[in-house]
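Two complexes are shown next, each including chain A; its partner changes from chain B in the first to chain C in the second.
This part shows the complex of A and B:
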């Protein structure tokens, strides 16, 4: 807080009147510009900005920059792709096929665009979770979290809209399913669906809308929010982790930190290019390949294996776990409600985490982050069908599904146990109720054989009862200090 | 001059020079490697399509009959075909030699006219007035015995 306060004056150059007769630094073009626009004041501000140094690991500070780097790559390759892409019923698919087969290095540009999209989402998710675990969202940085959260949603929109543009079969059906979820919104559902699709069904009109969104609306919004996000960060500086011992002097942002950033960007570029050159159609993981495949045909029936990109797999799986009707509502409606609730909580974390607002450790929210990760991991593994190969010989479908769930449960439990042990020993965490509840649900569903929803309800209720009892008994376990 | 004395008196300096050269050269190589695919990607592919003598389609022929001129593609170039009052056929590149606008034919005056900057050409393609610096390139237009019209590039 005090660090941020002392920096408020640093932007005072914004109010400076141009002093044409002032000395200005140096002669030549730089001096000429400096006398008019006070460039030295700007670099002076950057020179004084510091990145907190201390007992914490610096690595987390680079993830936002890496995400920005991949976004820049997306803009550059996206503009290049636009020079050959032609949206349209008879041209969209054909132009991408022409691009990848005839245009020199067209395959490479498309491959870089796809790889960079996936890497951007990976670095964005890592950035978001590290911010969450280290409580960088605590006051005064609530709005930095919110702007980052909105950027996360917009990026998901980028992934979803870009997926349809090659107009191939897989994208066609994935978009049909994906947009259909919108119909579950109460009252506005059917209107929203029509606005999104440009009609009742996914047609070429949907492609035009997604195209406009993907190349104009979303980029404008993202650039705006990135600007805001960066202004917030430049204004307040980067957050040291709660309770970390911070050295009195940090690292200078310019040039020390900025050059490290640049070096890392170069490394990212080389990794990106290596991946794009050697695996031009993706690593072959489900939800992470972009083989062009066959052209979309609205009159052809759907076929098995229609799945979204990997970062939407958990929603896809959750949708499958809901029965057709629940509490007098349709299954997808309840599912959408649950997803909206989870997203809502995620966006409001800076206000929900009341302990951290008083600069006290909030172990429950650290655990909440881990529980969320375990929840997502289990659903993603289920959708990935790991263990399906072994199960396919099992005969009836129910046994096959059980087998898949069992294998996924063991993997998730293993990962969860490892995380808990590391947190306990290395970070001295002592609060595991929520991640415990997540693992209980995995056990009840995957190993005991209860339905996914029943397992979830039992786990949530048990966790809630535990929290209420602990609150009344006044157990001191949750008062232990940790972050 | 001063640097040279420095390098000779400090052997370490020349090692640094060498490393600088190495780093600079690698950077240059890296830059070329990055730029090459993009430059190749941006260069349009050569146009594919019919080349050689071109027959006028029925539509084009009737347009010629009606308007006394028609603009057709010949080997990827715009070519204006026109019918003089004496029924003689002419064909020229339709690209004005001034700024590349597509010219038109004015049957009343028997001139080729570029409306962009008011350039005028006669039926030999020579400049009559206006800013065009060169004559229009001529094409061969021949009526076949069966009545169809064939346009071909003039052999130099």
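This part shows the complex of A and C:
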């Protein structure tokens, strides 16, 4: 029996009909409930459910659960915040201020909500990349990947919409800049911007929209997709290691895995509490700082140095790297198309990775994951600046940007080299073409001084030529060996 | 040849006549267009009226050369100003280098030393008189719409008008002392400048002693580039006034022979001293236009040394609270008896430094101490009061600095520091008032404002303690929560171990 087939009977308890005359399991309340809802079937399912143990580290299996934990924290703290938050031009900022300064433990709730939001995105990104590297998206779990991918997008939406709600200066201008990007969407741009903002500019109407999205629309969608995601996982079980043709050795989900999950959740809660108490406004790095500051003033001039939250920094930087016009289109339009293409590829990975669909290793896609990480790292560091601009003491902006690019390039190259060495020695990977191309782009931009786009085009073209030549040489070698 | 494609103009707009079109398309010997792209863009944006005026100017040959046209267009003037230029034959003729030598040519790029400083074309079109339509003929006479003619005004001296400058004040006063005439242009502008000037040392030196080194109208306002005092490029703009006055008063050659009322030579160190002073740094360094320049204390057209009594009057214009307290103090009588200038005695005049609390010290070499040891030997209370002032102010100031730093740290820890900030505002306010009330030189008067400040210190201290307790309770709460969670984790861990014990 194939592994997928072995899971087909899971969740069969959902089909059981109530048996009011049956014996039920035990007496009392449990027996009473059992006769009505067939709880025995559920407990039997849980008793037999197993988590596959394989060659890879068991820790990756917990990341989804940790993300879920942070989401639950978000819901709980979000509901508590909702008890005091009043959206409105004269109330939004004031109510958050009142909550954090006057309401007992209000500061703690907001701090936990903010920390948990960032930690949730961190664990979600780790979960997504671990799934990608371990090829857990392969058949029959394509839709699990897609539902998780949609959850990732929805979570980014949570971050973006929640940012505006305190109606403070930073949030106002960051949202103005952020929503402005939508205007570059071809044909529909201005209409979309109008819809998103509820008018031409970011006004209190925008806040109402974002509020409705943040506390009603997105939670409903996320809860729906989490449910779907979990049903898929329960129905098919967790993905076993690649190449396992038969059900591998497993760990009982209940109690072994569930108790470990609980242990980790408690550890996360501990860390969350400590961070919320000791760093109530975040660690103070760009995009991770939620001090309330001053109230939003639409008439005030935008101040320099406005940056989005850390998980949007790479997009922000990529937009900056594009010239005003390219290929007869506006630069931001081309950039948005590129970002949409990248997101599209990411969502369709289960179908694009054809080798893994045949249950064969696909080193190119592993390397693609690492290349994506290096690509995101370099752009994020550039936007973050990591202090290189100020440290260089350069008077003019151009020299400061060159210094930032150089320092960030060295950091990315260092990280990339470390990753390649570890993959080579520890995991015996031999396919590094895409991560190599990503590092080449970093070198050409950060160290040689080419523009970011030119460096990217050179790297992509070289990688493509390499792949074509390798394919051609490989085919000829195969034909010779056949003859 | 003129290329119509080069000009993206409306079909209805006035077309350049052939002469003008030829000038626009003209090229120099190397084949390069004489009109640069910026001038061409400016020309394309001109309205019909200006195009017609250009056509007329070319037709009447007040503009004859493409270089001349390019120079005029390069000014990039607003339509109203360009209209004035194109209707002013004096300026059109005197801006064409083919017609005039350096002495009478308005040029875009004045050569230092070779071109008179007042013959700057960019400056003359910014002149307030030119902008209000007075233009060249207003001072020089003649008819600006006539093709030729130089019927200069009779008020100008025939000879030596550069050496003897007395005529200038009377000449400017023809208009500026005439309220009816001035009302047409700026009803708010005073017309008493000449009367004031005559009473000033500048006026007396020029008009009575006939010494043309003395400043007159053009010394401060300039000649062709005269701008309103509120224009930052004006020679009499607040931030520029010290330089304008210093042009003479910091020049020992110009000031040689001028003396004070007591006969001592007039110093030339005022500008250097002012630059270092708290006022100079505020005005010139920070650009604070509220800070006084020379004219704030000395006056403008009636500029004069304030004198001993006048110093306190000048200072009290801004520092009214200090002045009023001083007037009610015992010091006032003592200063009057000794004929001491009030404020300047302790603070100086041009070189007024930022005050600090050490001025209240009673030791040797200190301001209060030295004076009192010499003039109030028989009154030990004075030194004791100074000591009391200083100790109280130092205590409040140290508390404020300390609590400000603590408040920032507490805010970073996420504590509500709004009540602390409110108290700090009261404390700062009290400190300012206390420093002001020193000028009463009375312990009772001082205490009226110092005691609330000291109360604010105590209140802040209590609030800081409360905030620290709050932070400690947060840490205790966190430790207890972590302990409980840890205990729960330990229980789960032991349970897991028991469950997964081999053999069970």
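The rule we apply is simple: the second predicted complex is superposed on the first by the 460 of 483 C-alpha atoms of A that agree within 3 Å, B and C clash if a C-alpha of one lies under 4 Å from a C-alpha of the other, contacts with A are read in each partner's own complex, and residues count from 1 in each chain.
Simple rule for what comes next: a residue touches a chain if its C-beta (ideal position, glycine included) is under 8 Å from a C-beta of that chain, and two chains touch if they have at least 3 such contacts.
Since the model is a prediction, treat every value here as computed from it, not as a measurement.
Applying the document's definition of touch, where does A:267 land relative to chain B and chain C: first, second, both, or neither?
Second partner only.
For A:281 in the superposed arrangement: first (chain B), second (chain C), both or neither?
Second partner only, chain C.
Of the partners chain B and chain C, which touch A:124 in the superposed model: first, second, both, neither?
After superposition on chain A, A:124 lies in contact with neither partner.
Which chain, chain B or chain C, ends up touching more residues of chain A in the combined arrangement?
Of chain B and chain C, more residues of chain A lie in contact with C.
Touch check for A:102: first (chain B), second (chain C), both, or neither?
Once the two structures are laid over each other on A, A:102 reaches both partners.
Using the touch definition from the top, say if A:292 reaches chain B (first), chain C (second), both or neither.
neither
Applying the touch criterion given at the start, work out whether A:400 contacts chain B, chain C, both or neither, answering first, second, both or neither.
neither
Check chain A for residues that touch chain B in one structure and chain C in the other, and list them.
After superposing on chain A, chain A residues 102, 108 contact both chain B and chain C.
Could you pull out which chain A residues touch chain B in their complex?
Counting only chain A, the residues touching chain B are 80, 83, 102-106, 108-109.
Mind pulling up the chain C residues that touch chain A in the complex?
412-414, 416, 418, 474-475, 477-478, 481-482, 485-486, 488-489, 492-493, 495-496, 499-500
Please give the residue numbers of chain B that touch chain A in the complex, ascending.
Of all residues in chain B, those touching chain A are 37-38, 40-43, 45.
For a test of understanding, state which residues of chain A touch chain C in their complex under the given definition.
Going by the criterion above, the answer is residues 100-102, 107-108, 111, 255-256, 259-260, 262-263, 266-267, 269-270, 273-274, 277, 280-281.
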